[in-house]
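Two complexes come next, and they have one chain in common, subunit A, joined by subunit B in the first and subunit C in the second.
For the complex of A and B:
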C-alpha cells in the first residue's frame, strides 16, 4: 500500500515537470490507489460475498450455484431467527434508551452546570474503550453469583434476584444494558453539540413571547435538532447491526445461542462451522438491513443539501 | 451564544423562586447520579483487580480490598493464560501497537491526500467516488470478511501483522478521507487559486499551505483511527494468527479461558490494561476525540 502510493507520488512529480497537461493527472494519480482498492475491497468483495451466498460453499468457497436456497435455509434456521429477533429487540431498545438518555443528559447539561466539562467527560469515557472491555466488565457486574445480585442481597435486599445473564429469555437485555452504558454518552455529546448550535435569536424571541423553558425546548429547540436526531439513529442502528464483539465478550452467544446477533451467526457459520454459503447469505441480509436505513438517510441528506 | 446563556439571561436578573431552587437541586442530583452510574463499572473493575480471590468471594462488588494488592495486575500483564500460552497480555499489547502505529499513520496520510484532492482538485467523477467511499464507512464488515481472508491468503500475509495493517488501512481510509475532506471544504478556495496562478503545483500547495493549517484535523484523525484500530476485535479475531493477536482478542481469550477457578481479579486487571491506551488518549485529548466522534454526524 505504502510502496504503491509513494511510487505513484514520484511518478506524479516527474510528470508535473514534463508538461502542464500531465500535471492535471496528479490528483487522479494520488486518488488512484484508493479508488482501485475501494472498488475491489468494498464493492468487489460485496459482490463476491453475494455470489458465494448463492453457492453451496461449505468449508471452502465453491461455485456450484444453488440459487437462493441458502437464503431459504437461513430463514428456516432457528438460530438465525433467534439472532434476527435479538437484533430487533436489542437494536430497538438500544436506540430508544440511548436517544432518551442522550437527549435528557444533553438538555440537563445545557443549563449552565458547574463543572460541565468534568461531567461530560465522565459520560463519554465508555465510548473510548473497546466493546470487549465493556463486555468483560459487565459480565462480571451482571453475573448472579458474585455480581450485583449478591451486592443487593448483602445490603439487605434478601429476595433480590438478577439472573438475566444466564436466563435465555432475558440475556438480550444484558446486551442492551452494556451497550447503552457505552454509547449513550456519545448521543449526549451529539445533542449537546447540536444544542450549542441552535440560533440564539430564536430562543430570545420565544422568551419574549413568554414561553417558559419547557415549551421552548419542546416547541423550538428540539424540533430544530431533527438532523442530529436522524444522524444519531443512523449511527446507533449501524452500531447495533454491526455488534459482534459485545456479544463475544459478554455472553459468547449463550446460554445456548439465545443471545446471538446476526454478526455472530455470520462469523460462526463462515469461520468455525464450515458453512460459507449460509454465512455469506447472512452477511448479505445484514448488508440489506444497513442499506434499508442508510439509503433513505442519504437520500434525505442530499435532497436537503440541494434545497439549501 | 449558547442556548442556555440566552435562556438564563432573563432569569438570572430576578430572584429565583423556591420551585426553581428545587428544580436546580434535582438537576444536579440527576446529573451526578448518572455520573456515578457511568463511573461504577470502572470503579468495580478497579476494586476487583486489587482484591484476592478470597476477598472477591466473600465481599461484594463495591467492598474495598483489605490491602493494596497488585498481584493480579502483575499476573495479567505477564503470567495469565490466554488460550494456549501463559505469558499474560504483554506480548499482545505490543502486537496491538505494532498494528496500530503503521495503520494509523498510513491511513491518515492517504486520507489527507484524498481529502485534499476531493475538496480542491476536483476531477470528473471525484464527487461520485467520494459518495461511493462514504457508503464504505457504513457497510457491515461481515460482507467483506471472507473475500478479504482469501485475499490475504493469496498475498501471503494471512495471520501476519502486515495483513492486519493492510486491512485496517483499507477500511480506515473511508473515514480519514471524510475527516480531511470536511475540514478542507472550509478553506477558502481563493487561497488555492492564487497559489496555482503563482505556479505552485499540487504537492507544493499541499506542503506549504495545506499541511501547516491541518494540525487540528490531523490530531482528530489520528485519535479516531487509534481508538478504532486499538479497539477492533472483528478483524483481529478473523485475520490474526496466535502470535499476532491484538490485545482485544487476547483479553477475550484470557477471560474465556478457565483452568480451575475463575480469577476475576486478573480478568479485571487485564481489561483495564487493554483499555488504558485509549482511555489515556481520551483523558489527554478528549476535545479532539469528541470532535472526531461528531465530525461525521453533526453537519458543520
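For the complex of A and C:
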C-alpha cells in the first residue's frame, strides 16, 4: 500500500515537472513583448532624456555635451522656479485636501445609509472625466465675467468678488479646487474599500471597551488603513507631478506664467521653444521628484513583504 | 550627382510645360480653419491641374506647435514632407541643419528678387539661396475699432499711446471696455511690440532683432513697459486666457472699443457681416502709422527623393508666387500678397491701406519683422521675451525697471 502510494506520488511529481516547465514558459512568452516595449520605450527614453539634458540640444537632439549647464540655466530661470513652487503648493494642498475629504466621505458613507450606491457613484463620477473636461468646466465656473462671480452679482450681492482665476497670486488655488473636485471621490472609493475590510470584531471589541465612535475611528480603524493611506498618497502625488492637461485647459499657465507646473514648462521648452536640452533637464528634475516619492514607498513595501 | 543637377535644371526649364513630370508633393500645414482651408485648397487645385498629386498633411492646433512636433519627428526619421509651413528665422534653423532644398532656378525664372521686397526675400533665403516661398503678408500693428462705441463715449480714435490712455479713460467712464484683449502670452507680446514700435523702427530693430543689451536696458524700454502697464488698466477683468477671436467679437458686439491685433482679425468682422469703414475701422496701432510689422507665412521646401517629386516640388514653389494664387489665397485669408504691385480691385479698404503701407515702408526701411509672431528672432529668444512681457503684464508688483532688467538678462541667457 505504501509502495503503491509512493510510486503514484513519484509519477505525479514527474508530470508536474513537465507541465511546470511549459506553464513557466508561456507567461514569459506572453510578457516578453511588453517587457521589451517597456524597456525601450520607458527606460530607454528615460536614459536618452538624461543624456539630452547634458547636451546643448536646441531644435533637434544633438550630442554636444555641455555638462550640467542646462541644469544651471534651469534653476536660474524664473519661470521654472515659479513652476516648481506651484508644484509644491499644488501638490501639497491637493494631496492633503483629497485625503481629508476622501476619508471623511468614506466614513460618512460607511454609516449604512440609504442609497449608498447612488451617492458613491456620484462622488466617484468625476474621476471618469478627463482633466481637460474638468479644466474647461472650472474655467467657466471660476471666470469672473461669466461664472460664479457674475451669478452672485446678478443675484444682488454687488460686492461679491471671486477673481482667483485671473489673480496671479491665487490662480494656483484654482488648480487645487478643480483637481480636488476630480480626485477626492477616487480617494473615497479607496478608503471605503479599506473600511469594509476592517474586522467587525475589532470594532465590537472597541465598543465593549466603551470607546465612542470618534475614538474608534481615530485609534482603531484609521490606523489599520495605513496601507490604503500609502497607496493614496503615492497615486495622488503622481497625479500632481504629471499634471499637464488640467493647467492646459484651466489656465494655460496664465495669467502670465503664474500657474505653470513643471510638465507645462517641459512641454513648452522642448516642443515649442526649441530648447530640447533645457526641457530634458526639467524632465529629469520631475523624474527626481517621482523617485523621491517612489523609492521610500518601494523600500517600505519590500521590507514589509520580508517581514511577512 | 550630375544627373541630379540635370534633372533639377530640366525641371526648372520645363516648368511652363505642364505634365512634363507628374510627381507627388506632401504639404505639412496648419491652415485648418474654414477660411484658411479654403485658401490652401486653391494651391491644391493648381497643383492637380499641373498633373501632380497633392498629399495633404494638415496638423491642427496650437498655432502650429503640434505641426512642428510632427515635422521634427518626420525629419529626424529621415522622411520629411516635400514642403512644410515654416516661417521666419525657423527657416534658417532648418536650413542650417541641411534639410532644405534649393529653389534658385524657380526664383530666377519667376524673378522673385524683383517681385518681393528685399526684407521678405531675405527671410526666404538661407545663405543667399531661396529655400522657401512666401504665401502672404500679415500686418500685425493694426488697431480694430468700433466707431459706435467711440461715438457713444465721446472719444476720438487715438493716434498715439498717450492719446490712447486719455481716450480709454473716457470710454471706460462711459461703461465700455476700452481694450479687448486676451491674456495669452502671444497676445500680450503683440500689444507690447505695438507699444515698442512707437519708439521707432530703429529702437525696435535694436531691441528685437539685434538684441542690443544697451537698448534693452534703455530709458525708452522702461517707458515702453510703463505704458504697457498703464494700458493694462483698460482691459476687462475676464481677459485672462481669452482667445483672440473672442476678444475680436467683443469689438464686433460693441462691448469693447478697440483691439490691437494682426489683420487676421478682419476675417472675424467679415464673418459677422460687418463692413469696413462703417461697422468697424482699421487703423495702424497708435503711433505706428509709418511702420509695418510683418508676419509672413511661407512654405519651405525639404530635400526629397525622386525626379518626379522634385519637379512637383519646384512647380509648387513656382505656383505659390504666381499672381493667381497670391490673390485668391489672400482674399480668403485677410492678408495681402507677398508680391508687390498686384492688381488690387478685389481687396477691401483695409487691405488697400495695408498694401500702401507695405509698399511705402519697404522703401523707407520701416518694414520690420514681428517679434510676437516669431519673425524677428529665434524661438528661444522669443520665448524668453514672452515670459518677461506676460509676467510683467500680470504682476502688479513688478516695476518697469525690474522688468527691463529681467528682459535683458532673459534675452542674454537664451542667445
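Convention: the second predicted complex is superposed on the first by the 279 of 308 C-alpha atoms of A that agree within 3 Å, B and C clash if a C-alpha of one lies under 4 Å from a C-alpha of the other, contacts with A are read in each partner's own complex, and residues count from 1 in each chain.
Quick note on the criterion: a residue touches a chain if its C-beta (ideal position, glycine included) is under 8 Å from a C-beta of that chain, and two chains touch if they have at least 3 such contacts.
This structure is a prediction, so every number in the text was calculated from the model and none was measured.
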Residue contacts with subunit A in the superposition, subunit B compared against subunit C
B
Thinking of the overlay built on chain A, is A:146 touched by subunit B (first), by subunit C (second), by both, or by neither?
both
Once the structures are superposed on A, label A:272 by its partner contacts, choosing first (subunit B), second (subunit C), both or neither.
second
With both complexes overlaid on chain A, does A:76 touch subunit B (first), subunit C (second), both or neither?
second
Could you look at A:257 and tell me whether it touches subunit B, subunit C, both or neither (first, second, both, neither)?
second
So, does A:133 touch the first partner subunit B, the second partner subunit C, both, or neither?
first
After superposition on the shared chain, which partner residues are touched by A:195: those of subunit B (first), subunit C (second), both, or neither?
first
May I ask you to decide whether A:61 touches subunit B, subunit C, both, or neither, giving the answer as first, second, both or neither?
both
If you lay the two complexes on top of each other, which residues of subunit A touch subunit B in one and subunit C in the other?
61, 139, 146, 252, 271
Subunit A-facing residues of subunit C, complex:
62, 65, 68-69, 72, 75-76, 90, 93-94, 97, 183-185, 188, 236-241, 378-380, 382-383, 387, 390-395, 406, 410, 413-414
Enumerate the contact residues on subunit A facing subunit B in the complex.
1-2, 5, 9, 12-13, 16, 23-24, 26-28, 30-31, 33-35, 37-38, 41-46, 48-49, 52, 61, 101, 105, 108-113, 119, 121-134, 136-141, 146-148, 150-151, 154-155, 181, 185-186, 189-190, 193-198, 200, 203-204, 207, 213, 216, 221, 227-228, 231-232, 235, 238, 241-242, 244-245, 248-249, 252, 262-263, 266-267, 270-271, 276, 279-280, 282-284, 286-287, 289-290, 294, 298
If we count contacts the way the header does, which residues on subunit B are in touch with subunit A in the complex?
1-8, 10, 27-28, 30-32, 34-35, 37-39, 41-42, 44-45, 48, 56-57, 60-62, 106, 109-110, 113-114, 116-118, 121, 123, 126, 129, 132-136, 138-151, 166, 169-171, 173-174, 177, 201-203, 227, 230-234, 237-238, 248, 251-252, 255-256, 264, 267-268, 271-272, 274-275, 278-279, 281-283, 286, 289-290, 293-294, 297-300
Quick one: which bits of subunit A touch subunit C in the complex? Just the residue numbers, please.
58-61, 73, 76-79, 139, 143-146, 163, 165-166, 168, 251-258, 268-269, 271-275
